[in-house]
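Before anything else, here is the set of structures, which you'll find just below.
Each of the next two complexes has subunit A plus one more chain, namely subunit B in the first and subunit C in the second.
After this line comes the complex of A and B, so read on.
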């Protein structure tokens, strides 16, 4: 029983972390059609900046988000203008081309990160990451709790933004029908750039959140990417709620199934769930 | 544009095949034979990948799964029972085809990026299964005996084996290209719904292409493991391999077998060269930048078709 509660708690926290990576990824996929394989590499860089803010200047990684988030927003917008827009002008359907483009960027960034920060795995250590909290029968590390809070805040803000602001609604319109959105007077170029900027900003925050739970190194982006893909495909493109639910499902499937089977096989259960879902609903869980 | 006639192409393929097979007799060094091995391995898998990814447009990002299946089949049978990969690689190809057949049905229902991402996930699932399967002892690594005692002989055998696989891939790809299957796949690539309404059995053709592509990739993987003294788990299944295969085909152009072939030769040789000249990290950066340049400035590859009027030039944001 205690084991199960523990697994459920961990599953929720891990799931939230996947979800926060997923919402940004899904946002740009929906609004611009770009499948950004560099998304989790951006998160890894966010994790490194948070780590080094602490290691070099003693600034808490969570506090460093004040700098990381706006900085990454600008990077994202710049990325859209410099690379995505030229691509969109060249190719009819941007999806697969963007996978290749962003994989290339991810590889470049990975090598740069290795050169600058070395390939050694890092783990953020602060006062609260070493603390342990008792929640009923379960124990949670302070790092995981803080990560969970960051994730919830980011997901909540993004949801609010998409539902309640003009720009957010414009992005949703863009997801449904780009040409129609343009005809209603939405500045597609600007909205897409902002969407990319926001995705990068959430990736930075996600990276910092994940760095409080897991060790990371430049190559970590691949495994994070796999989970992000999985969560977004499961949840559906352009839906914050769907992706969040999918993230929670993914987290819970892994932690609960590893109670009964070896950990290595737990991911396989997750892949199985994904394939089953796709057999029934080829566009993911969300209703579109 | 006039296409080269059927006969011309076959004569060309035969001539190149004979040339490639005889090349080691001109006194190639061990090093150049091993470079040639890498080039031909990648050319073989890129041509094989293209049977699905290029002809039908279903771009798999999980072909390392089939490389891995082929590789481990021959490696295990060689190290445990001493069976030659020249025979067992065909078993590896069969196994790869079988796996493709099983995962093909759910995967091929998905389109474009969904298909790409799911094949990536499937390849990871396959690697989890193979590495953790009890009784195979893959996780602790496998030592693979080399084909012959002397390095020259070893490299020579490997060279000729991969050359044979490479030739098989080219011949199969070329046959499919001009067959009814190839025409059906092209119809699927252009517009799957229209193809289906015209009576093209889309599911069957996609499955056929996927299975053949997987089998050929498995075959090449079977020979690849023979060239490694030691198989590190995860090495054979790496996502990098899957991505590289896609890049080679994209770089060369996907409409015909010759595109991936040229892409593989240029990129593999280029990488080898860069590794030596500027070191691994810098080479990786250039390699990533190459992906970006290729996709931005020549989205149809080195020898891709010119965009036809009106079709490829719809407006985007």
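After this line comes the complex of A and C, so read on.
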């Protein structure tokens, strides 16, 4: 029983980490049609900024989010205006072109990050990351717990924004029918820029959250991108709830399945679940 | 305006690509050094091998002259393995500069060409082919990591070029190759031998009785696991958990939890840095308290102590190289390290690079020629003393099995065995809670 509770607790925390990385990616894919392969590279840069806020100025990475989130929002909006919008005006099918563009951007950012921060792997170490917390019969590290809280806050705020604000509803309209949204008076350009800005902001927050659990280096964006694709495909494009549920499923499959089968098979089970879901619900868990 | 923006982006991408390309090839030539003083391929005051190397020779006034000897290597200077690959490069470059500041090789200056394989074994092979067939290098040096080295060994063999490297664990040395040397090798199968030798020095009731092992599912992990299984059996330690995992590891908690529940008092994580860190953090978070922890590769990376701090303490690992090895030759590397990195503790992969280069140079000096067969013949029939100790090589190009034992103590990976090289005593069992 203790083992199961431990596996469930760990699975939820790992799942939230997957989910927070995926929600922004899913948001831009849904609202702008852009598959942003640089999304996790942005998260890695967020992790570096959090790390160096602590190393250079003694500012806790969580507090550093106060600066990182708005900065990344502006960066994302600028990214949309400078690169994505011109691309959308030139090509009919944005998806594939955006993958090529953003993968190139990710590689440039990776080289830049290596130049600035070196290739050495980093790990955020604060007082709470070294602590262990007892939650009933389960124990969790302080880093994973704080990362889980950050993830919940980010996902919760994004959900509230999309459900309860005019702009959020505008974004949802944009995802469902861009031309119809434009006809109803929604400023598509502005809404798309804001969507990209919000995605970058969540990526920055996700990077900080993940840096409390995982080591990172400039090349980490590749493995994070695999997780991101997994939960977005499983959860569905443009859905906060779907991606969050997918993240939790992925986390729980990895941790709980290892109670009954060899751990090496966990990924097999995970991708088996993905295939099954896609067979039954090709658009992902959350039907839009 | 749109066209302008697109042009800016295109130019930025091209510039970045050019930057990468420029980083791709590094050449160290004799022209970069202007103070040739000493003879020989190896440092002064080295262990006397009486084998014809010129290591003990005092500095002479004349520097290298004549056509340069060109050495080529392909290393991961970008990508996944760049963090350690650059240390190997630094080791090669430092030795070449040292030779050129002295008498070069065979009295000739040395030029080093290093290509960036971007951490891709496929590129490592192509680039070595290019160095040999297009650039026409006289000698080659080994690649990194084991996957690239193993792939390059076949290329070197095909072209009849001496190839000194870490190799790709035991399987790569059992291909019947004549020109490859592990000098020293990074041999997974021998990895924890120092630890099991240490256990034999303990009273029987103090030794661990059962072990739980988790292994990264790749060739390196498999090599370490293979040797560990034999060592555990020989030591009479029961293996109660033996799990494999794929990289990247999302969470180590399930595996550590399973190990803890198995009651094993020896925990073995055949892991790399990212998964090793996750594992050690999970050990602390879950309150698992085995008598000893063995960890694969992660502890050899400087980031282990820099980033993990005291959480990484007491972990044992193996190595074929350590900055505190009590050999006189290591002093030279300490000086080089101080100049390069501002620390007298040379990074381990810097030491590996320097040692592979030094071994090749001793072969060249011993053979008195750059004839590859003559170098092979000399290396296989003489004891070679370098920064990692004195080694003799068998037909496979391997020394006798050995491994130094390292334990992280107060954030420093200390050399704790075997007895004749021990700097500080190992701490066993782990003093949990103190």
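Simple rule for what comes next: the second predicted complex is superposed on the first by the 283 of 288 C-alpha atoms of A that agree within 3 Å, B and C clash if a C-alpha of one lies under 4 Å from a C-alpha of the other, contacts with A are read in each partner's own complex, and residues count from 1 in each chain.
Going forward, contacts are C-beta pairs under 8 Å (C-beta built on N, C-alpha and C of every residue); 3 or more make two chains touch, one makes a residue touch a chain.
This is a predicted model, so every value here is computed, not measured.
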So, after the overlay on subunit A, do subunit B and subunit C clash or fit? They clash
Practice task
Using the superposition on chain A described above, determine whether A:108 touches subunit B (first), subunit C (second), both, or neither.
Solution key: both
_Which partner chains sit in contact with A:93 here, subunit B, subunit C, both or neither? Use first/second/both/neither._
first
Quick check for you: in the superposed arrangement, does A:83 touch first (subunit B), second (subunit C), both or neither?
both
_Let me test your reading of the model: by the given contact rule, A:183 touches which partner, first (subunit B), second (subunit C), both or neither?_
neither
- Query: What is the contact status of A:260 with respect to subunit B (first) and subunit C (second): first, second, both, or neither?
  - Reply: neither
- Task: Figure out whether A:219 sits in contact with subunit B (first) or subunit C (second), or with both, or with neither.
- Result: second
Clashing with subunit C: of 42-50, 168-176, 204-212 or 276-284, the subunit B stretch 276-284
Dual-contact residues of subunit A (subunit B, subunit C) 83, 86, 89-90, 104, 107-108, 111-112, 114, 226, 262, 264, 267
Counting only contacts in the complex, subunit C reaches subunit A at residues 2, 5-6, 9, 12-13, 16, 19-20, 78-80, 82-83, 86, 214, 217, 243-248, 250-251, 253-255, 257-258, 261, 273-274, 277-278, 281-282, 284-287, 301-303, 306-309, 311
Listed in rising order, the residues of subunit A that touch subunit C in the complex are 3, 6-7, 10-11, 14, 18, 82-83, 86, 89-90, 104, 107-108, 111-112, 114, 118-123, 125, 129-130, 132, 139-141, 143-144, 213-215, 217, 219-220, 223, 226-227, 251, 254-255, 258-259, 262-264, 266-267
Per the touch rule above, subunit A residues touching subunit B in the complex are 29, 32, 35, 83, 85-97, 99-101, 103-112, 114-115, 178, 182, 188-189, 192, 222, 226, 229-230, 233, 262, 264-265, 267-268, 271-272, 274-275, 278-279, 282-283
In their shared complex, subunit A is touched by residues of subunit B numbered 59, 61, 103, 106-107, 109-110, 112-114, 116-118, 120-122, 124-125, 128-129, 131-132, 239, 243, 246-247, 250, 281-282, 284-285, 287-292, 294-296, 299, 311-314, 316-317
